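Below you'll find a set of structures to go through.
Next come two complexes built around chain A: one with chain B, the other with chain C.
Up next, the complex of A and B:
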């Protein structure tokens, strides 16, 4: 019995650190709607900063003072980031801030290694919390007891802050209805900055408090960020109590789960999230999102098919791209194939995000399923390349059909997180089912048949498939189905009123998008000659999001440019410098500031501004104004 | 206008290419790939090691008079990116061979690439048994002692312990799984009387150490096998120390004696663990002294195991290239099979049968000295003594 009680307390201690970070993220999201990918980076900075400060100052005061000071310093950095970077892009399309914070995260990963060196650092133990307390023969670390006591205190302080101060009232009001708060004359700028500072402070405090238990190293951020997102979503976005309950739930399930299934930790949080979201679509303590007043993805310039001149130009660009093998070497051609494949992948996600209004955080699942589909067919069944290429993506289709059915019942960030959960579940199956998938050692030897094995012919193949995929997706956008999908995105109520079955339309779009991603994955398997669980992983899903956002989510085909720019920059930088993350992150941040609507989106806006005075009719002008 | 640009660019590339090939007459290039940005703690000392080796090779006249050049690429910890890098090195840089890699899956990805493109590949650090056995191929050789060899070295010591109830803690991926599997198999052969009472599989890099330690303690084992390393190991050790998990229990641990993993533990280093590792402060052989002196003189730092691996990878590559006196992959393979050479750990040989080198490892016990973790009573175990019989290897390796 004593053992189970101690295991329960141990779970609570793990929950405490999770809760601190999650509450910060929840507050930031609730008020500013920023999906703060950099939250893990602030957590990590908190730990590094606390390491330096506690090493320098000795004694109890030095330690505890150092922890708090570290959190304050990082909060100050957070304020700087908010004022310099995020303020510029609050009016950018939904999720665009994710791109900026992703860029920051990349930069921080390299910066901490530059400042603190590559070695794992061991922080001090907390003075007077070094040992353990004996409980019926079981040892409980006294620091765990401290953490267990701390988290209800933090919860209480936050509760008082939100319920008993004017600032808290404003924050709650903004969480519920941002526009109304602004309309009532509240200075949103400072409200946002202060909320961001508080959130970052909590993240950094969470990191700083880990130094007596953990090693400080440069991968801390990735370790925590996804888990924290999951906790926030399980609890319900913007709900502090929800975050607390979810942190406890997840930690306790883990603490007891490993007694029965020792391999459960790798997937547990995602299973819990999937179940919670299917049963309670807004998390345990969340409320249904109010209908958005500003239509998401609303384009200032209504979409139109390409003019014949533009069609000729696209065709010309394609012909030019097809001429690459005439003067480029094998390496350039292989990179070209890779970029073409990423164009397919990004275009598929872009279709779902911009046309369907559904941002998937787990799109790599369908890419990877396509790749595994090909690997199974080619290796296990020994089918020729053409057959595998045609049938492999069906696995992506199947996955999208099953997961899409559940996912489209939700919307917004909850949809995004459910897709992430599904992707992680698929990933962990590929990772764990060693006899079938080879685990993380992957499936090797999936090389193309002779006719496609030369870099030039594989490049032409990839280019042709990419061109076809993009063209087909465009045709769908301007087909009756595409209009129905856009109607569902822009106004679910009105579209339902005119007889569109919104969920079915979205589900179909999800399946189309998943299948196209699967086609990309199928080609990718042959390009690399092998398949690894990486191709189902979070980082690939994030890459796809970045490509779409970089291109411009409000455009018809911006993802193509986004994919080319991001992938080319990525490959080139990784090849040229060991600080590729720093440079790439900096590049993304600059792009975000320079092109707040994505590259294509911003260019289109500029072009329309040039054109509109002479060419557009008064009617078009007035439409633009109302839209803005 | 545009066409002229394209033509101009093409011409420029052609000219540059010709200039490059003229240069290439006097130098030999090796393409090196590793996870520099993902795992700097291990790859930085590794890089220092191979840079020292390049310097020494060229100071001694290069390879049959030609200058040795190493072109190094980062794979970001992703197999797909490692292949892109391998492709660039082979297609654009025209390297004579590929070398490096740290993670097992990346090692396998590059090895498969090498097999497909018929390029020589010297795997430096990946530990998986698959790279020389179940997924071995004729173009791939591996320097470091494999998972199997390290397990066999540890089992030899572990079997002498009186403990009968064993628990295992290993990261939940291929490396951890196969380390535990091999250890269990070899151990049960030597000691049929032992029982495996618990196993814990925390996700790599994400151990929730408290519950794991409690769960292991609840099974009340007499001895524990640990395979976690890096930050996970730090958390496990701290939590285990506080909760008294290691008190009165024997612990056998993979790789923990390597400075990369032992040094971060500082004054919390647990004493008496049986580990494999690299006690650079205790090795008193002329070969190692020479290496140590050169390394310390160049970097004003002590070497890690990664330094040895990086150093020996390039030394081996140079020896292979010198013996083959050609960059033809078939001639390189012929030169490598059965090739013996000196190393800081003594003479090593690349086996013909499975392309594994006989580089060994030090086995010893952890101890605390002046607030730092060290290995004591370490003995060098030659790799050749801890490999299965040739008949078994024949069965493991595809034809």
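Up next, the complex of A and C:
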């Protein structure tokens, strides 16, 4: 009994940090409507900063002062980020806001390694909380008790701040209707900046307070952000009470889940999240999202199928690509195969994003599931390559069918957070379930059959599958189903009023997209000869998003160009620098701010302007920044 | 009159929000080919009533019988499948598609081709879409991006979309809101003409009394959730209770006064 009680207290102590970070995210979202993906990065920076400051200054004052000072320093960095970056994208579609803050996260990952090195750092214990309290033979670290007491105090302070101060009243007013608050003469800029600073302060404090419990390392950011997303999805985005209750719930589920399913404790959290989403899609304490901003929607360029000339040109490009083995070496052909596979992957996400308006932040899950599907079939069942290739993607289909069912119940930022959380869950299963997946060691020896084993024949295979996948997706875009999907994206109200079951249409699209991603993953497994949890990881999901964005979200097939350019640049970049995340992150941020239409979108705009100069004003620059 | 079938029958419909009776025991009927206006001051319960009829809101009590079927608790898309067309106070169309494609999507849904992955939408029911657009006078705009249309044209496009399922009943929430006076009259004349020709019943809410008295066959007057009067325009105009509510508003309307302006 005592053991379970101690386990319960450990859960409560873990909830403290989670609550601080989640409440910060909620406060920022409430006012600015930005889901700050970089929140995990600020948490991690808080931990690193606190490590340095508490090492430098001794004594109790040095420790506690260091913790608070670390949070303040990071908050100041947050202010800088808000002023330089976020102010430029408050009116951009939410996809771009998520991507820009994700770009920041990538940059911070490399920056902390540059400053603090790649190794785990063990922080100081808190003065006067070094020992443990004995409870019927079980030890509870006294620092845990401190943390347990802290979170209700923070909750109370936040409550007083929002209920009893003039600033708090303004923040609550802005949460309800920021345009009205602006119309009343409140300086919005500084209100937004101060709210962002408070949110970042809370995140950094959450990180700083963890150093006596946990080692500081450069993967903290993604770990916490996924948990925080789960917390705000359960608690309801924008609700501080919701963040508190859900943080406790998730931490307790983790604490006891470990006892029930030691290897895959995250399953329990997932099940609870699924139940909450079915019963209350906006979270326990959340309110339904006001009319979501449309995700694509920078221009109004009606789509049309290719003309016969363009079809001929695409065919010509394909023939040219197929001639690569005539003059390129084996290395170039392997790179070519990889690019073709990434084209499949990017095209699958592009279909979901541009046609469906559903920005999946965890699309690698279905790519990776396809890869694992092939690995299981080829290694465990010993099936020939062609059979594995055909059946392997079914695992991606299955995953997309299960997760997609829940994900399409939500839209906008909730959809993005949920898909990310699902992908992370699949990743941890692949990582932790060592007996089946090989864990970190992956599954090795997935080699193609003889007919496809030479680099040239594998390249031809990948190219053919890529061309087929892109062509099929294009047909679907212009099919009645494609239009139904666009209809649900353009106007949920109208599509429901003309008899379209939007959720079912979106679910079908999710399954199609996940299956195509799985086909890419299946080829990838044979290309690499192995499968690792990486092929389900967040960074691969983000790569896909960047490829889509680079090509142009609102084009029909921009992702093809995006994938080719991105993958080629990426392979080159990794060979040139160790700081590829920093460069990539900076590139994403720059692209969102300066170049939101992507390569193909920009080319189309230029072409339209050139073709019909008399329509220039109407077509070229008709921006819908905030729809409705 | 008894030969004309009843399209919509509402019995003792009620809805309250935390003690406030938004709609209190409202009953009325609508027959094929009839144009029925639902009027009342702001907060009278028109929108609540309307939302319950098209499935966006569930009544606390009462019955709604649409084309012979009890529709309480059904989703808007299920009600659409019964043969109900719908326009919105603020137009809802698909801005990234062309005008024709907007109508084609509705036709795709009507033809139950929503999950057809392989056909070509551009070729689907092209003539039918063109016919509907011609009907509302938008034929010349068929190839234009919907996002470029003026507001009055969007309203006409919405009407074409609403007609795509060959509806027996049209539900129009403030069809002329946000339009210039001349456009209002044109849109309502068009609606009335189509309704009479195809024997479609129309229920609409409206604030503009000129529109109401010129086009409605019958008028329902809601006040504080209750139906306080219903009848022909003349009967309603003569009702002292209605006059008291609308003192100073459109009820000073005079048919002769309007004649010159409407042509």
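Just so we're on the same page, the second predicted complex is superposed on the first by the 483 of 628 C-alpha atoms of A that agree within 3 Å, B and C clash if a C-alpha of one lies under 4 Å from a C-alpha of the other, contacts with A are read in each partner's own complex, and residues count from 1 in each chain.
Here is the rule we use: a contact is a pair of C-beta atoms (placed from the backbone, for glycine too) under 8 Å apart; a residue touches a chain by one contact, two chains touch by 3 or more.
Treat the numbers as computed from the prediction; the structure is a model and nothing was measured.
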{"item": "Fit or clash - chain C, chain B, common chain A", "value": "fit"}
{"item": "First (chain B), second (chain C), both or neither touched by A:259", "value": "first"}
{"item": "Comparing the two partners chain B and chain C, which touches a greater set of residues in chain A", "value": "B"}
{"item": "Which superposed partner A:120 touches (first chain B, second chain C, both, neither)", "value": "first"}
{"item": "Which superposed partner A:13 touches (first chain B, second chain C, both, neither)", "value": "first"}
{"item": "First (chain B), second (chain C), both or neither touched by A:493", "value": "second"}
{"item": "C-alpha centroid angle, chain C to chain B via chain A, nearest 10°", "value": "160"}
{"item": "Chain B versus chain C as contact partner of A:55, first or second or both or neither", "value": "neither"}
{"item": "Lowest inter-chain C-alpha distance for chain C and chain B in the superposed arrangement, angstrom", "value": "34"}
{"item": "Chain C-contacting residues of chain A that also contact chain B", "value": "none"}
{"item": "Residue numbers on chain C that touch chain A, as the complex places them", "value": "54, 75-77, 80-81, 86, 88, 92-98, 101, 104-106, 108-110, 113-122, 124, 145, 147-148, 161, 164-165"}
{"item": "Contact footprint of chain B on chain A as seen in their complex", "value": "3, 6-7, 10-11, 13-14, 109-110, 113, 118-122, 130-132, 138-141, 143-144, 212-215, 217-219, 223, 227, 251, 254-255, 258-259, 262-263, 265-266, 327, 329-332, 334-335, 338, 431-432, 434, 439-442, 444-445, 447, 455, 524, 528-530, 532, 534-535, 539, 571, 574-575, 578-581"}
{"item": "Residues of chain B defined as touching chain A within the complex", "value": "6, 9-10, 13, 36-38, 40-41, 43-44, 73-76, 78-81, 83-85, 87-88, 91-92, 104-105, 108-109, 112-113, 115-116, 128, 130, 135, 172-174, 177, 198-203, 205-206, 208-212, 214-215, 217-218, 230-231, 234-235, 238-239, 242-244, 263-266, 268"}
{"item": "Sites on chain A touched by chain C in the complex", "value": "297, 300-303, 305, 475-476, 478-484, 486-487, 490-491, 493-501, 505, 508, 512, 618, 622, 624"}
